[in-house]
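The next part holds the structures, each set out as structure tokens.
Next come two complexes built around subunit A: one with subunit B, the other with subunit C.
Right after this comes the complex of A and B.
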């Protein structure tokens, strides 16, 4: 599957990834229908694959392309991030770019909001977990203070 | 001489003997017949003697009766004498018996004394043996008891130490639990206050800054 980095870079989070997979599934179901009717805003990634407008490529060719694309997207590495606030699109793009700098593959982010973290972030990647939240720092500080006060 | 001749001679000899016997028997019967008158006289004489005998007997009986009565009278006097004698004899017998008993009692007492002394000695010996054996047993038991007491003391000390250790451990656990509970409560209070303070003091820009800082740290640690 050959997709340009510019196209892939637009898949910031699992939200974009899931939308794309959904559209791929829809296209597969209505291969001979007007794609514009299925998804008027056909993503650029589909355009790159020659799937755009009301063009109807041969059925076998389309199915093969869609399957390859789906396999490629599903296998993209994902990192689960927890923030204590709701990030905006701009900030998401910013951190996506930051985390993908120097990577040969493309890291897709799965972002959830957890107020208990107070600030900072937790990261889960490839089965490993790191806690960079201020809640953990606060716990540690308060425990030490309380322990020191009563010992 | 053949057998037949011997038998013939024997038979003749036997017949002669029989004839002699028969003749002898005949002679005897004839003599008895001659004695009959004599026997009759003897019978008469005898009857006369019997009569006299009866008379003599009757007279003898009369005499005897008198004699018996006299004898009875004499016997009566003799009985009185006998009673007296009997009493004397009784008294003597009693005295004799008493004396004998007394003597026997002495002998018996002596025997009893001897036996008692013997038993006393035996008992004394037995008591000595018992004392000796008891002493041995006591000595043995004493050492055994001392060992047992020592063992029990050690067990008691060990059990006490173990129990004290357990109690101390439980006490420590309890103290630790109470302390942890207290720490947790204090921690929650302080943490809540701190959270509220941080939430109020951290704006979006600061959040973004802290997140970027965390992600950069992760990248630097080559976690991502």
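Right after this comes the complex of A and C.
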């Protein structure tokens, strides 16, 4: 599936990804009737997604393209991040840019807020897990202290 | 006790539950997971890695509570292990060695041992040279078993397989052998009756019942024989001979088939997966006789496989025959004729047991085979109803008496020495003029008298002989002495 880098780069988190998938699903539904009448915004989305060349494509061709696009988007690699705080847009963009440096494919972030971490974050990517949270450091310290007290 | 978070921190690898198919779950992640490694979910459920493909890891769960999709899973970096100890003797335990008899946990020092242990190599093994007495005369003389042998017990349902196994356990446990009964996919009531029998006979202290009921998850049933062998190896490494009864492998295969079909393995004959032979052979390879100090110790395995309508050519029976050192076939036809045990001696085989018999016993075995064959032929002739020649009548006479001797009441045990006297008496025409009922009565009296040590001198004399003729001559010459022992005791008890 050929998608412009600009379009893909706008997908920072699973939130944007899910929005896009929702729009694609809507396009699929609308294609059976008059596309522009049902949702006037849809042709713009098509254009943005690179399907612009077929403004009035045959129904089958559009359905196939949308399916390919959906499959491509679903298969984008995801990194799960847990933060102790609610990250703002700018922070998310920075993290996304940082993690995507040198990557041929685009990494989508799945962000959750977990206050138990106290501070810091955990990262989970392709089965690897790293815990950079304050909670884990504190936990280790407490365990060592307890161990020391009983030895 | 480590938690999920500890393992996660240690291995720095995480997986997610992607799909749940009963006890089989598929995980994404865990890039360095190994086969047979234990994994733990964040809610504490444990499972074993069964297979690995580039995308997903297949795990069989050891619990009936299923995880939810998306649940986090961590590797433990350890293979499946169980805690074994001497204090498990006399207990009923599950495949994970958790006690199930309501008497609380097994206390004391425990040893952690891998469930999927490797079988001993060829250099560790020694020749099977010592007989394992079952207490069932026909088996001890005609299909002898050796310590360390793997003898398959075949037969239809309700043909007396379990009775034979319990007789063997009783006889061996009395001699100090550690006996492990593995109930695979059995009903709880079946296990309870076995426990009651072992308790009643006073041998439970030398036995362990490992039990996975049909209500347990398929994974636990699958694990039961492996765990039982780990326990057997523990006792073996303490220098004790072990007898392990796997009752039965047909159920094990059925539960493994369930797991395999769930995990979309290609079904082969009778829908069993292609690796069912490997699975059972891997279990039974762990039996055998191995070096121990200057001597040797053994694990004798008696796996049970069920036949359908006496068909020995079924998939599982033929598979199991190929991986064991012989088989004892419990024939429904013999059972219906009233034979107890209903062993079909002509369809039963022992491949290594013969080498454990001394010269006299081997000759007796050959003579028995010959006499019983002649008896069967004579029986066929007798159906025609004409006057039989003297030789045929003699064959019939001795055959009937031999069958009467070998007919054993349920749960009775005939020591090998008694069987030797009984067979010797039959060969020397001691019973030729007595009717079958009398033979049965005298056999019972002889067993009772033997238990009271009345035949010590006779047995000592019999050990010296090396051929059947000498045995016959000796017993023929001592008829009066034997009658005296039998009947003087009766008079004493009557008085």
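In this section, the second predicted complex is superposed on the first by the 123 of 151 C-alpha atoms of A that agree within 3 Å, B and C clash if a C-alpha of one lies under 4 Å from a C-alpha of the other, contacts with A are read in each partner's own complex, and residues count from 1 in each chain.
Here is the rule we go by: contacts are C-beta pairs under 8 Å (C-beta built on N, C-alpha and C of every residue); 3 or more make two chains touch, one makes a residue touch a chain.
These numbers come from a predicted model, not from an experiment.
Asker: Following the superposition defined at the top, how do subunit B and subunit C come out on subunit A, clash or fit?
Answerer: Overlaying the two structures gives subunit B and subunit C room side by side.
Asker: Once the structures are superposed on A, label A:128 by its partner contacts, choosing first (subunit B), second (subunit C), both or neither.
Answerer: A:128: touches subunit B and subunit C.
Asker: After the superposition on A, what does A:83 contact: first (subunit B), second (subunit C), both or neither?
Answerer: First partner only, subunit B.
Asker: Would you check which partner chain A:120 touches, where first means subunit B only, second means subunit C only, and both and neither mean what they say?
Answerer: first
Asker: Using the touch criterion from the header, give the chain among subunit B and subunit C with more contacted residues in subunit A.
Answerer: B
Asker: Going by the contact rule set out at the top, does A:5 touch subunit B (first), subunit C (second), both, or neither?
Answerer: neither
Asker: Rounded to whole Å, what minimum CA distance do you find between subunit B and subunit C in the overlaid structures?
Answerer: Minimum C-alpha separation, subunit B to subunit C: 6 Å.
Asker: So subunit A touches subunit B in one structure and subunit C in the other; where do those two contact lists coincide?
Answerer: Touching subunit B and subunit C on subunit A: residues 128, 130, 139.
Asker: Flag every residue of subunit C that touches subunit A in the complex, lowest number first.
Answerer: By the definition above, subunit C touches subunit A via 5, 8-9, 12-15, 28-31.
Asker: Going by the contact rule at the top, pick out the subunit B residues touching subunit A in the complex.
Answerer: Those residues of subunit B that touch subunit A are 179, 182-183, 186-187, 190-191, 194-195, 198-199, 202, 204, 206-208, 210-219, 221, 223-224.
Asker: Where on subunit A does subunit B make contact in their complex?
Answerer: Its residues touching subunit B are 79, 81, 83-85, 87, 91, 94-95, 98-99, 107, 115, 118-121, 123, 125, 128, 130, 132-135, 138-139, 142-143, 145-147, 150.
Asker: Where on subunit A is subunit C touching in the complex?
Answerer: 124, 126-131, 136, 139
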